[in-house]
Each structure stands twice: as C-alpha cells, then as structure tokens.
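One structure coming up, written as structure tokens, with questions to follow.
A, B and C label the chains in the order they appear, each numbered from 1.
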Amino acid sequence: MFEIRGRLHRLGMTVITAVLVIPFLLPMYTMARGSLQGAGWANYRAVIALPGFVTYFRNSAMIAVATICIVYVLTMMASYGFSKLRIRHKEIYFWALMGALTMPEVVLLIPLVSMAAKTGAAGTVWAVIIPLAALQIPFTVLLTRNYIDGIPDSILEAARIDGAGTIRQFWSIILPLTKPMAVAIIVLVLINCWNAYLLPLVLLGQEEGLMVVTQLPNSFKSMYNDDQTKILACAVLAAIPEVAAYVGLQKHFERGMTAGALK
Amino acid sequence: MKKNRTVPFVAAITVGMATMLGCAEDTPKDDAADQATVVWWGYAPDTSVGELWAAEFMKDHPDIKVEYTNYENVDYAPAMEAAMQSGRGPDVFPVATGGVTGRELLGPYGMDLASIAEEELGPLWKDQFGPGYVDQLTYDGAIVALPVGGVATGFFWINKDLFDTHGVSTELATYDDLKAACETFGAAGVTCLTMGVASLDCFIIDLMHTISQSYDHDYFLEAVLGERSFDDPTFVAILDKLREMLADGVFAQNVVSIKQYPEANNEFLSGQAAMVHMGTWYAQYAKRDGMIASMEAAGVSNPTPFTMMPMASPDFAGDGHPAKPFGDVDYGMAINKDTKNLEAAKTFVLWLTSTKTGQQTVVNAIDLLPALTGVQPEWDNLGLVDPEIQIPAFTELFDEGANPDGWRLMAITSETNNALVVAAQRALSEPGASTAEIAKQAESEVFRTDF
Amino acid sequence: MLPAVLFSTGLVYACVGYVGYVSLMPPRWRPVYPPAVEGFDSYAQALDDRLFWTSIWHTALFFLVSYALIVILGIVLAALMHSRIYLPTIFKVIIFVPSVIAPAIMAPVHRQVFAADGPINWFLERLGLIAVEANGTRVWAGWLQGLLPKIGLGDVTPNWIQPTTSLWVVVAAQVFSSVGIAFILFFASMGQIDRETLEAAKIDGAGNIRVLWSIIVPATRPTIATLAILHGITSLKLFDYPYLITSGGPAHSSEFLGTLIYNVLFGTSSRYGYASALSVMLFVLALGTSVLMSLSTRERRPRAPKAAGRV
C-alpha cells in the first residue's frame, strides 16, 4: 500500500509499526511478568498441579469441537439455501436469523436456565453447546452466504445439466469450494467457545468435572484472598492453546476471512 | 429435500459427539452403595479450609462422604439460582445473614431446621449458640440455617512491625492521631489505611458503621432498619469524614479504583500498608503459614511474616465515643429443601454447628468466631507469628466479638448494601456532588424488609 | 437451510418469548414464586430509572469512540502490513493475538495495566507527564496541572479506574481486543485494491497520506460499514469487560445495559421481572439499531451486508 523507498525508509516504517503495536504488547508483558512474581515458576507448577487441571482444557475442547461441528454443518446448509436455492420468503428468514445476532447473552440467562432445567440438559455440556452454537450461526451464515454468493451460478448450472440434484451439488461443489471458509469458521467458533465465560459459569457451575478453561483463574480466587500471581499464570496457560491454534491456522484463516469478506 | 440430507448428517454428528462425550465420562464411580455423599457448595470457607472440615467430619462419620466446591463470592448467587431451579443444587450450602450471599436471596431454598434442631439438641437449643445468631438466620418465619460462626468488625488491623519501624504509637485515640500517623507513614512511602471500594463489597459499609458509632451510637442501625433516614445530617457527616480522610491522606488516592479483595488485602499483607479496616476473620493471616502463603500470593518473593495486631478504632467524632466491635452471625449452614440425602446432610450440618469437635475444627481456622458457646480456638497450637503478644490481644478480641455492640450485616439487604457502597464511591470520587445530595440519593435506593 | 434457521432462531426467539412473559410479572418476581402476570410495571420502572438512561448514554459514547479507534487503527495497521515493512508476520500475530484471548482472562491484566502504580503510569512518569509524591500518590506534572482545568479535564487524575475515566478504560480494553478482527478484515479488503490504481496515483505524485485517504479508505468502505453494524451490536451486548474490570463502577460510571441487567438479576435481590423488562428493551434496541444500520448501508449497496468481524 504505502510506498517505501530504500532501506532506511523501510526501517522507519517498521519502527512506526512497532510503536503502534506497543499497546498490544503492554498487557501481554504485564501478564507474563505478573505470573512470575512471588513464587516465580512455582506459580505455574501450582496451576498445573491443580486437581483436574486437564479437565478444564478437556471440557473446553469438547465444547468447542461439538459447537464447531454443529455450527459448520448448519451454516453450510443454510448458506447454500440462502444463496443458491429458490425458497419462498427467503429474505424474511434471513433477517430473522440476523435478528438473533443481536441477542445479548445476559438476556438469555433467565430462559436458558429454565429451559435447561426442563429439558434435562442442565448440568451437562449440552446446556452450553446448544446456546453457544445457536448464537454463532447467524454470524457464520452471514459470512458464508457472501462467500457462496461468489460461486458462479454457471458451475451449478453445468452440474445440473449433468444430472446432479441439489444435494449432489451441495456435496460435490459447494462443500469442496468452501474449504477456506471452513477454517475461518473453525477459528472464529473456537475463539468464542474457548472464551465463553458467562454461559458455562451459570449453566455448568463448577462442580467436579464441569469446569471450563475460563474458570481456571477462579481456583485461585478465594473468599478472602486472590492469588494474583497464580491467576496470571492461569491466564497465560489458558491462552496458549488458542494462540497456538491461531498461529498454526493463520494463513488459512486469513484466506477464509478474505474470501468471506469480499469477492 | 434438503431435509433428507439433514437427517443422516445430524445423526452422524450426534453419534460421533455422543461417543466422544461417552469416552470423556470416565470419572471413577466407585462410591460404595452404602456410602452417602453430601454435596456442599459455598462462597465460604476457602477450598483448603472446607476440605479440612470435610476430612475431619469424615473421620467421625466414615459412612458419609462430603464433597466441597468453592465459588467466588460474586459467582455464588448466579450458580445457586441456576442450580436450584434445575433441581441439581447442593445438599448443603451456606447462607449469610445479609448482603449478596444472604438469606434474602438464598432463604427460599433452605428447609426449616427448627424442628430438627429441637429434636437433636433439646428445647433450649437456641441458647447454645452465640447471641441472637439463630434469629439472624430466619427467613419468612423459618430457621433456614444453623450458625457456623460469627463475625465482628469495628476495629483496625495494623502491621505492628511497620508501626515500630516508623516510631508510630499503636494506640491512636483520636482522628488527629490517625491523621498524624498517616503523615508519618506517607512521608516514608507507606500506604496508611488501605481500603478498596471499587466493587460492591460490604467493607466500606463496615467502616462507615465504625465512624457512625462515634458520631451517634445507634444511628446506623436505626437508619438501616428504617427508623431513621440516610438523608440525615449524621450520614452526611460520615460521608464528609470519608472525604476528609481522602484529603488528609488517610486513604490512598486509588481508594475508589481498587477492590478490598484482592488489591487492598494484598497491599496490607505484602507489608506496603500500615492498617486495614477488616474484621475478626482477618485473624487467620496471623498464622505463620497462612501469612507466608498470602504474602506470596500478593507477589512477595521469600516473604518474612510480620506481626499483625488488632487496634481499637480512633474516636472519629472527637467526643469520647469510639466504636466498639459490632457483629453478628457470619453465616449458617442450610439444607436444600429438595435434598435426597436428608439424613447425611443433617448429620453433617449438626456436626459442623453443634458438636464440640465440629466447632473446634471450625474455630481453629480463626476465620470465624465460635457459633457454639464455650468453644475457643486452641491458640497455643495455631502457629501464630508472635504468640506472646498476639494471644492476649486475640483472646480479648474474640471475647468482645462474642458480645457485640450491635449488628453488622443482619438487616442490610443487597440493595441497601449497593446504595451505601455507591454513596461512599460518590463521596470519594465526585468532588462536584454535595454530600447532602449523595445521602439523599442513597436513601432513595435502599430497600428495607423484615424478612 | 431450515435446520439452521429453526435451531438458531428457534432458541433465541423462544428465549425472547419467555423473557417477555417474565417481564410482565411484578419486578421482584423470582422463579421460586408462583407465576403472576401483572402488567407493564417493570417497563414503567425502567423508563423511570436513572441507571437505565445512564447505561444507554454510556453505550452510545462507548460505541462512537471505540468504533472510531478500531477503524482508524485497523486501516492504518492493515495498510502498513501491505507495505514492504520488515517482519510483517510477527506484527500480524501481535495484533491479532489479543482478540483470541478471553476477556475473562485479560480483565485482571487490564486492572493492573491501569492501576495507579501500573505500567501506563510508569510510562507517563518516564515521559515526565506525572509525578509521584512521597506517599505514592500520582499527580500531573506541574505544567499539566495548570493546563488540564483549562481544557475541561480538571477532574481527570492519573488514577484511571475512577468515575471520570473508568468508561475509557473499558473502551481501551475493548479496542485492544477488537482491533485484531477489524485489522484482518481491512487487510483482506485491501488485498483487492487494484495495484495499477495505486501505481498511477503514485506516479501522479500522491504521497502516502494522500493515497490512504483518497484510495484506500474509499476502497474499504464496505468493511467500514459492516464493522459499524457488528460493533454496534457488540456495544449493546457489552458485558465482559465492564463487569470484570470495573464492575460497572465506581458509582455506576461505567454501567452498561449488560452489567445493569446482570446486577439486577444477581447482585441486588434477584429481581427477575425487572431484569426481564430491561432485557426485552435491550433486545428491541439492538434489533432496531441493526436494522436501521443495515438499511442505511443497503442503500449504497444492493445486497445484504458484506463481510464481517467477530461478534
């Protein structure tokens, strides 16, 4: 974008960028430094030695995987329908779905608690998976519909002439062509599931075996005394899998977002 | 036609998911059929203390297993609400007398324990407990919890080592003495009285109550009960005093920015502050181990424990009437109305609240005043930092706490709690608002009920 | 398509229906009590509630400022990453990683960053903008003490979580974790800008600032519009950061609808009826705002809103 002439200019621009990203590094630095105060590395050892340490991660991973599967399947079908099929009142359905995008989690608490109680989902991971999925589908549909809009109708037309039905077209054209979108969906849904705090807190509680990773710091918050250093160590450990997933998928994620955003 | 496709799809996913979750549920289910399990949730005590109590109980009752889960104070109410509505609440849970973990919120979920207590402990059972403790746990005519322990505040805790180092007297009789002490500490870079009012905790209410007792002994409780108003010159005077304390450097500038827990607490325990206004529960940090752990938690490497001492409140009004410790029952243990383990739950609650062994275990944590009269902490075996001077002072404090000068939170609803904390926050951070206006606003927000 | 629509909207609208039903009960109704539909008391109470209006005002302020910052930072950073600077991948990761980390995890960190003795003030002290007194009190440097009251900032002290500034602490935290997605979107959309147009502009002698303003910004307008909708919704839904960093305070100075509802539900005596009425109003507001915003962007663009951001 910006024109850069010569090495010095290039260095100058890099320095400007570096200054601009300092605010992003400051909290990271504070977090890492705080986690090593007091007992030092023993803070990390104490976190890892927590009974059920692995459970926190396993539950979050389970919730994320299940949510991703549900969101992926439903998003693909819905986006295909919205984009390529002729369905009566399609736009009304679409806006009804977009309306769901605006639903704040706080508002959902009261009814979710009572619904979970009535359906028997309370106290199981489904009490969290289902609302989490429902809340993310509108956004992923928005993205994916845009993406599928960009697939030329002529490709589908050609397939139809060859005798492929709607399902066949979905299976052998839409799904393979939306692979970059799949990565974007995985990353976005993963972030939101991994970071969910309020829904798991209220719907799962912290009973044995049902804690999620955002509750890890709570193990070091007690009635009288918050162990600030270990809370930060928890923060660092809880963030690692996500950061690793993002860094690993970065290239594909960017491609998916680019594709969903514009054509 | 799309639906045709959907069915196998969703079915496949569901089966896959079920398999995965199935594998995950490998938690051992080896409980023998004859062992009852009592599920206990609480905002108090801390996990380690709760597990210790449970272990002591299981020594006496090997046929009953107690599982304790601790919630943070602010998460306790939402978790309980959700769990109770869906019928998966704990068998036993603590209920405080007032505030956000109080009987107003949790009372409806507890069963009436009056007949159980009478049957087990005899007709005069109420007298076995601390002053008024049982009555402070009634909701809608029922006794919803049995007292676990009491609490008293209305005094300060000081870091005696800091007082000695800077040559400050440990007896501050008047507000001017307090102010002078703070000047000395301030000049040395030590926070004088650490206090945090950023969250809606009740601690600033305790301090306002302490100040109030000095101005007009009965005013505060009368205002809480509605016999007098918070839109009253005495309350305005209390708010003015808070402002004066900030201006005089008694409070640090960040008083409205930090929370009592963790920040103010950490500041005191890490030796950066000379005083803190907390109650009898703070005695637990005078134990050598407890203090070392807390200091490390506050970020101090290789901590050296200091000597913590209670100090009577200075006379804020300057008319010769400093506050005396006031308090009430801290919390009681309730039994879920819908429990399926009534017998086991009953055994645990009665053991904790009304047996010598149970109460001894409770009070040895020196977090609570004994609920059962006649039990005292085993001071000599607690590993205090400086037993020689701490034991006499603590014994006296616990005696005073057993005969409190008025209630602490007993009549304070959560709305009153919030209205009073916001009034303090405003007084300390909105120089443009008059204290009279703040007091008026507070009065309009309080909520009084007689449970 | 139907399963997704039914699944998502079914759950959400069932919830809205239930909340609507509860909102007609007395303000202090709780699920432990028997149902008793009473009427619109809770709505009347809400319209009369100072805190309700304060929260809406905070939401508006929060949206305007954080949106502007996110767009500006997103565009500038994306343009820089598209230029030939050193180590672009490292910078990209640094910018995006904050959006990956949970607010619940970051909140205690932000509390320390903005503490009176935290890193922000450490920086300001090194820059000579604030001074530290013997007892640890942070005050503005002499010249600022004279200047600030003149520009109407007399009540601002270098102690950030307090009524005059707590809202801005929340803004900073949210910007910190939202720029990443905005950046990715802008980065993506700039990838589509025709290289030749840029070259032509440069040959015509346009400087970097000029190129940014007259080519890059117009080209990314659809993304700017989409972000407005998404960030508008985020602002109305805001809960995590204000709840976890400031608890909506001190003295309600950073109260938002989300924190207000939560407090009414769990902080003060469980007023389900009242909380439900507030929830219905919040939902209507959010829906209304997003419909209005999409309509205004649709005029310029024929199809449903393009593109994205995290929600």
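Brief remarks on what is shown
The rule we apply is simple: a residue touches a chain if its C-beta (ideal position, glycine included) is under 8 Å from a C-beta of that chain, and two chains touch if they have at least 3 such contacts.
This one's a predicted model, so the numbers in the text were calculated from it and none came from an experiment.
The count of contacting C-beta pairs peaks for the chain pair A-C.
Set against the C-alpha centre of subunit B, every other chain centre is closer than that of A. Chain-level centrality, scored on Cα centres against the all-protein Cα centre, points to C. For the pair subunit A and subunit C, the distance between C-alpha centroids works out to 18 Å. Chain centres here are Cα averages; for subunit A and subunit B they lie 38 Å apart.
Taken residue by residue, subunit C touches two or more other chains at 1-3, 31, 265, whereas all remaining positions touch fewer. The multi-chain contact residues of subunit A, meaning those touching 2 or more other chains, are 34, 70, 77, 81, 85, 109, 114, 228.
In subunit B, 2, 6, 10, 78, 81, 85 are the positions where the chain touches two or more neighbouring chains simultaneously.
Against subunit B, the residues of subunit C that register as touching in their complex are 1-3, 30-32, 115-116, 133-138, 155, 157, 159-163, 246-247, 249-252, 263, 265-270.
Across the complex, subunit B meets subunit A through its residues 1-2, 4-6, 9-10, 13, 16-17, 20-21, 24, 27, 39, 41, 43-47, 67, 69-73, 75, 78-79, 81-83, 85-88, 261-262, 265-266, 269, 281-282, 284, 294-301, 367.
Interface residues of subunit A facing subunit C in the complex, by the touch rule stated above, are 1-4, 10-11, 13-14, 16-18, 20-21, 23-31, 34, 70, 74-75, 77-78, 80-82, 85, 87, 93-112, 114-115, 130-131, 133-139, 141-143, 145-146, 149, 188, 191-192, 194-198, 214, 217, 228, 231-232, 234-235, 238-239, 242-243, 246-247, 250, 253-254, 257-258, 260-262.
Contact residues of subunit A toward subunit B in the complex are 34, 37-40, 58, 62, 65-66, 69-70, 73, 77, 81, 85, 109, 113-114, 116-117, 122-123, 125, 165-167, 170, 201-203, 205-209, 218-230.
Touching subunit A in their complex are the following residues of subunit C: 1-5, 7-16, 18-19, 22, 31, 73, 76-87, 89, 91-106, 108-110, 112-113, 118-120, 176, 179, 184-185, 187-193, 198, 202, 208, 211-212, 216, 222-223, 233, 236-237, 239-240, 257-258, 261-262, 265, 272, 275-276, 279-280, 282-283, 286-287, 289-291, 294, 303-308, 310-311.
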